[in-house]
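Per-chain numbering from 1; labels A, B and C assigned in written order.
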């Protein structure tokens, strides 16, 4: 612990990142450039999110990390361990107990509160990148609100697949101004972005931070005749029976048996604790043994 | 009738070299003006100054806005100017790849300008794209193909459809038939003539092909070394050129 | 309808040492509605040059050419184009058309340009093509592949499609057989009857005598030439 400054980064770097965060909160959806630092983990492992978390955490915080909804993946565990070690903060797997949640590709099912902060790891912050490779041009398009191209992308989707096939990183317009990439969360999560908690987005390799202050208007782009739908597998969780959660499809065996389970492991576990049982589930007590 | 475009004293320098100097003209609604001259004479420089891609050192490019007001597009704000280039102006590039999104379907290419000005009904956008593809003689079956799968002539026609779909009032064309073989050129010119007449477009066409201006342009402007050396009715300039350079130009090409 | 005053024309050949060739000087001509005036004079006297100046195709060096109130010598390109569209027709010696356009549309174009309805314009075009004995099977083809005589008749049909108040005819009966020649002369007579002011060049003396009210020898305006000199 004493080998590191609190939360690994030096104070000056954290101040620089906090300034970027504050600017991001002041201009919701706007991508603020920041000088990304080397972190003791490779890019693509959430260095952007980690730096934002490092600049956000205080000694009193309780920290939670999820990777596609799960607290127990290698990635989630190693980031959690990293901050246990470098910041000495308390950690938890319980959404409601956490004050700062770092996430990769999901928003927890439990509604976040005003005293919670959600930190996203972002691989590609620029929603226009797919069609316009020039950074100079995309910055100009943002500043001039020239967003026709975003709809071209959705148009191409419908032309090719008969429907808007984009199901992750579904673009949104924030407060009627900036078009933003919500990171590769499933589009099922898009409506949740209008939340009480603060949302911070960090892209390490691309050196961008952006943010959504509480209760921000976040509208998923669509067409009048192909309206946005926050879809998920038409199924209930086989473990806890939830019908309102985002589900992962799990292949059980070589025979192709499969199971739908909540991608949010904490949500599923707490439902089972509360006595809910899904079609293939077992009561919680036995499972815990 | 009031001019659609008033060009006054436009000069553009590249360091010490003259791009174009002291160019003046008025363009009226429905008029098609050709700009000819050898390569390096400043045609494209001038066109790019007019279309807002280059900022001239001196002069004004006054354009009649939809409310009738004449506005200098050189000094107007960039968002306003870019809005004009998406709505009232069109630019057909010599190389289709400069004017098309090669990784987007033909329909998406045509639909982009509609979406850029707020169209949000997929069915309507697609119907309009198909209609425009038809008008430039590209069959409906190709609507989902990418321009990379099109011939050079088809790419140019797609570029024209993509530009004209929002009903612009002024079209800039830089060598629109360059690099196409003669029969393909003829077809494209025929198409352009029809569209210009039908839509009442004003156009400025840069080319070094005198046959192209003879067919398309009402008026001609001849440039040499960045200066305008002669202007007038197209057939008059070509058949009774006054300036030494124009006489040379006319006599040095096959009779058109 | 057409009023020419003190008209002069020079050609300056910059690429031949700047030689200045005066080809016309002090030309005067007034043509009233319903009148047909023939331009005569030896080859090179300046008949076609005068006609081209009236049309705005050649630039005058001085003087004025007022057609229906517009001075072609001073007018802006768009004013000349408007004059050509509405008032002043020109049957040149050669047909010049956009490739690929069907003959019937080539002929109908002047009518469409003045705002005629498409089918009415094509009906008129077909009527003229029939009168000039262009076989119906050719109407849907581009005239670019036609014989010289056929092209000339298409050119005449096009020139007479719209009822221009003023017309310029450069050897309209040249290289036509007797039947077609007769048709063209009737077309000219009909145009005169509806009040068109016509300026024509006719090497065919009988034709000239039949349709022209007056002759004017342009040689009298040719610097260094006198009338009647061959």
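Methods note: contacts are C-beta pairs under 8 Å (C-beta built on N, C-alpha and C of every residue); 3 or more make two chains touch, one makes a residue touch a chain.
The shown structure was predicted, so the numbers you read here are calculated from the model rather than taken from an experiment.
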Topology of the chain contact graph, where touching chains are joined (line, ring, star, complete, other): line
Identifier of the chain whose CA centre is least distant from the whole-structure CA centre: B
Identity of the chain that, by mean CA position, is farthest from chain C: A
Averaged-CA centre spacing for the pair chain C and chain B, given as whole angstrom: 32
Euclidean distance of C-alpha centroids - chain A vs chain B, Å: 46
Euclidean distance of C-alpha centroids - chain A vs chain C, Å: 77
Sites on chain C at which at least two other chains make contact: none
Interfacial residue positions of chain C with respect to chain B in the complex: 11-15, 52, 56-59, 77-78, 80-81, 98-101, 113
Chain A partner contacts - residues on chain B that touch it in the complex: 78-79, 82, 86, 101, 103-105, 107-108, 111-113, 115-117, 120-123, 125-126, 143-144
Complex interface listing, chain A residues touching chain B: 131, 144-149, 151-152, 155-156, 158-160, 222-226
Chain C partner contacts - residues on chain B that touch it in the complex: 28, 31, 183, 186-187, 189-190, 193, 197, 215, 218-219, 232-236, 239-240, 242-244, 247-248, 251
